[in-house]
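Shared between the two complexes below is chain A, which pairs with chain B and chain C, respectively.
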Partner chain A sequence: MTLDIIIENSPTFILAIPLLFAFLTAVLGWVSEKIGEILFGIGLALTVFFVGVMSFEVLTAESWFYVFGAESPSPENITSFFRITFIADGFAVLATITISITAVAAGIYSYSFMKDESGLNKFYTLFLLTLAGVNGMVLTGDLFNLFVWFEVTSVASCALIAFKNYRGRSVEAALKYMVLSTVGGLVVLFSIGLLYGQHGVLNYALLREGIAGSFTFLDKLALGLLAVVFAMKASSVPMHMWAPDAYGEAPGSVTPFIAVTSLGSLFVLFRLFFGVFSVGLDVAILGSLLIVLGALSMIVGVSMALVQSDLKRLIAYLSVSQVGYMMTAIGVGLATLRSGEGFGDLAMQGGLFHMLNDGVYKALLFLSAVAVIHTTDIRSLNDLGGLAHKMPYTTFFFLFGALSIAGIPPTSGFSSKLLIYKSVYLYSPILAIIALVVSIITFAIVAKAFFNAFLGPDQSLMKRRISKPMLWGMGILTVVLIVFTLFPNVVVAEIVDPAVEGLIGSLEGGLP
Partner chain B sequence: MSWDTVFMIMPYLTVVILLSIGLYAVLFKKNLIKIIMGIAIMQNGTNLFLVSLAYRDGYYAPIFTGAESTEMVMPTPHALTLTSIVIGLATTALLLSFTMMIKKHYNSINTEDMRRCKE
Partner chain C sequence: MIDIVLENWSPIVFIVVLLLNVLVAYWLYSMGNPEYKKTKYSGDPFISGNRSPKDVKKLHVAGDNLFWGFKKALKRYYDPLIDGHTGRLNDYMIWVVITLAVVLIYLYLVV
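Our next item is the complex of A and B:
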């Protein structure tokens, strides 16, 4: 009985726990910083526990609508259009799992990485708020909630980026990102106004029915504005300018977490494209839009990464180009699913598996790069060298992340990229060639970075040692990646396929 | 054009004017304070847009004791507007505090001096 209640209400707990503990950390952290630290750990662990509960239920039993404010949170009450709904389906599970893995690794890493800073309880508060915001964004089933969680994520993650406020560059990066996000948030609100004025509903499922009934120019405008804002937050070219600054200047331990908030926006973009946009607009056009943005992101991201000498900015540009892979794959899926050519499913599998992979190996790369910067205080690749002698573990972690991001055969990055190449080739060979070439250049870039930073004679650049929690943070990610590498078929069948079903289900009519 | 039409169009016209002023400030001004003012003006424009959407001539406020149940205004847009005002306060405060720190570090609030991330 109690178990049922916990399972049924797990989507709320995923948001309520981090919000509650963010507040507690801020208040009780005044008493002693130790308490704040412990509360942060408990909050993070409980959130991940409830993500696990929700995932287990969705993956083994069924997905469900969670309706707030109803007598019981069951889907019969969905028709009351002013209720807030959450969607707990395979797609949301994939998103929350990706977010949780990164959050746990970044959280453990922060314990020792940030311990020289002051005001740490505020750091933990912001971390938990960002976690709540990004989980809310991917779980929510109505537009207005989307706006609220969007803003929570923006405000909290910008404050996180500027946390080391004694560095002017951090504040500069945060300010740029904040101006973009605030204007983006207003555009989201404006388009929500347009859609509400037309159809009088905010819920995705009901809005879908409304758009199917009458589709006007104003709807088209509103959907276009929404797409632009979420593509911007997902750091897709040509709206990627904030990403290298924000990733490069954020405190090292949360950089992967900031990157995962933009992955969260990408999840929302796909959810909107499949669940809402696909009724009014032709799916082939929507798919081509994603493909064009994706191909541009791949090419521009990787060619900008080629000329970087700053280690963190280099990885930031690589992550922009990885976003391109997912957009291309999902775009191909969206464009061809209804034509019944069969490779649409494959493309979706590849794209979503790549998202899961990308969240993990990007975090591993960022964290190991940050470990290098932390121990040497050097960011430029030209000045680094010979670190493999003193940092064997970090060297291995970086190498593993680098091989995954380049898609070198045994790694899981290869499994997901192979699915993408295969399906994209059937859609258009040129796209597959672009994807392959970008992969090769990515390999060249990470190989250059690896050789410059880790190989060569020992130059005794190390100023301080890496502490255990930092290694554990990277170790968790490596273990996850090794599991993905050894059993890609299991991961695809158990986690990715339900997500694909969830997305296709929302394309074919109604959510879950 | 009758006065009724004018009164109906006027809020939307104001919205357009506010949004254009705000967007102009955000895009073309170099002073950070002016950019933040532009954002605040856009926020107000969006809020006004939501409130004018919700207006129905001759309908009651959605308070059950004072109205026929059929003639009440949907309160959703007002709830949206209130939330948006609160969020607007938070974002503006955060932006202004960033500006203070920028001034401390760079001794300037001109966007052209904010190029250090790329070095």
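Our next item is the complex of A and C:
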């Protein structure tokens, strides 16, 4: 009985726990920073536990709606328009697993990396608020609730970026992020107003019914506004320019976590396209939009990465180009699923598997780059060199992440890119060629970064050693990547396929 | 149920083959001259017969020394691309507005 209650309410625990512990950390952290640290650890662990509970139930039993405010949080109570719903399906599982893996690694890394900073209770509070916000964005089934979590994520992650407020560049990056997020939030709110004015509902499922009945000009406007805002937050070209600033200047330990909030926006974009707007218009149009933005992101992201000499900015631009792969693959899936051409499933598998991979290897690359900067106080590839002599573990972690992002066999990055190449080629050989060329250039870029930073004679650049928690943070991500690398079929069958089924199901009238 | 999986690709087989190659490479390496003795120049980089510099920093190829030819050849592509990344918030917003306009016009025309 108790177990059933825990399972049924797990989506809400995933948000309630970090919110509660964010509050406790802020309040009790004043008494002692040690208490704040312990509360942060407990909050993070419990959140991950409930993500595990929800994931286990969805992957072994069934997806479900969680309806707030109803006598029982079951799907039949969705009829009230004001009841917020959460969607616990395969797609939400994939998203929350990706977020959780990164959060755990970044959290452990932060314990040691941030220890010399003051006001750590605020840091842990902001971390937990960001975790709650991004999980809320991917779990919610209600537009206004989406806006709330969008704002929570934006405000908390902006404060995280500016946490080292004695660095002018961090504050500048945070200001840019805040302005863009605020404008984005207002646009989302305006879109919600348009849709509510048209259909009188905010729930995804009910909204979809309304849009199916009549897709008006204002619906079209709302679709365009929402698409652009979430594409911007996902760092899609040409609205990507905030990302290298934010990723480059955020405290090193939370950089991958800030990056995963971008992935959260991408998850929301796909959820809205498949689950809400796919009934109102030809899905090939929505797919084409994603494909164009994706192809641009791949090309521009990798082109700009090639000319970077700052290690963190280089990885940030590579992450922009990886977003392009996901948008292209899901765009191909969306454009072809209803045409019955058969490779839409393959594209979706590739795109979503790549999202899972990207969350992990991008985090690994960022954390190992931060370890380099932390030990040497040098960010420029022009001044680094020979670190493999003194940092063997970090060298291995960086190499593994680099091979994965470049899609070199046998890494999991290759497995997901293989699915993308195959499916995208069947849709348009030119797109497949772009994806392949971008991968080759990505390999050249990470080879350059690896060579510059780690190879060559020892230059005695190390000023301090990296601590064990930092190594554990990177080690966790490496172990996850090794598992993904060795068993891609199992990952695809057990985690990715349910997510694909969730999205395709929403296209065909299932859970939105 | 989706039945498409990563057919014809097994990372474990790939790793086994890779390890076999490493074994063969080690076997070839072990057949080298066991009586080779290191001299004081062993391990130094070969710079067209010139003495290698004593400053280790001069032995390492730095970041900007790589791909400069690629960047030079694509100067006409790179100049506007880099100029477009100004770092100014106003420009970031302009790109958002431009994208918004293009997307809305696209949706208006095709839907």
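Note that the second predicted complex is superposed on the first by the 510 of 512 C-alpha atoms of A that agree within 3 Å, B and C clash if a C-alpha of one lies under 4 Å from a C-alpha of the other, contacts with A are read in each partner's own complex, and residues count from 1 in each chain.
Everything that follows uses one rule, which is that a residue touches a chain if its C-beta (ideal position, glycine included) is under 8 Å from a C-beta of that chain, and two chains touch if they have at least 3 such contacts.
Computed from a predicted structure; not experimentally measured.
Looking at the shared chain after the overlay, A:200 reaches chain B, while chain C stays out of its contact range.
Legend: residue contacts after superposition of the two complexes on their common chain; A:297 is shown touching neither chain B nor chain C. In the superposed pair of complexes, A:165 makes contact with chain B only, with no contact to chain C. Put simply, more of the residues of chain A are touched by C, taking chain B and chain C as the two choices.
Of the two partner chains, neither chain B nor chain C is touched by A:85. In the superposed model, A:349 lies in contact with chain C only, and not with chain B.
Of the two partner chains placed by superposition, A:253 touches none, neither chain B nor chain C. Look at A:112: by the touch rule set out above, it reaches neither chain B nor chain C. In the superposition on chain A, contact is made by A:151 with chain B only, not with chain C. In the superposition on chain A, A:186 makes contact with chain B only, not with chain C.
For the contact definition in use here, the residues of chain A common to its chain B contact set and its chain C contact set are 175-176, 179, 183, 245. Only residues 175-176, 179-180, 183, 215, 217, 220-221, 223-225, 227-228, 231-232, 238-239, 241-242, 245, 281-282, 285, 289, 300, 303-304, 306-307, 309, 345-346, 349, 380-386, 409-410, 414-415, 418-419, 444, 448-449, 451-452, 456-459, 485-486, 488-489, 492-493, 497, 500-501 of chain A touch chain C when the two sit together in their complex. Within the complex, the chain C residues that touch chain A are 1-2, 4-6, 9, 11-12, 14-15, 18, 56-57, 59-64, 66-67, 70-71, 77-78, 81-82, 85, 87, 89, 91-93, 95-96, 98-100, 103-104, 106-108, 110-111.
The residues of chain A lying in touch with chain B in their complex are 82, 144, 147-148, 151, 154-155, 158-159, 162, 165, 167-169, 171-176, 178-179, 182-183, 185-186, 189-190, 192-193, 196-197, 200, 202, 244-245, 248-249.
Residues of chain B touching chain A in their complex: 19, 26, 32, 35, 39, 42-43, 46, 49-50, 53, 74, 76-77, 80, 83-84, 87, 90-91, 94-95, 98-99, 101-102, 105-106, 114, 116-118.
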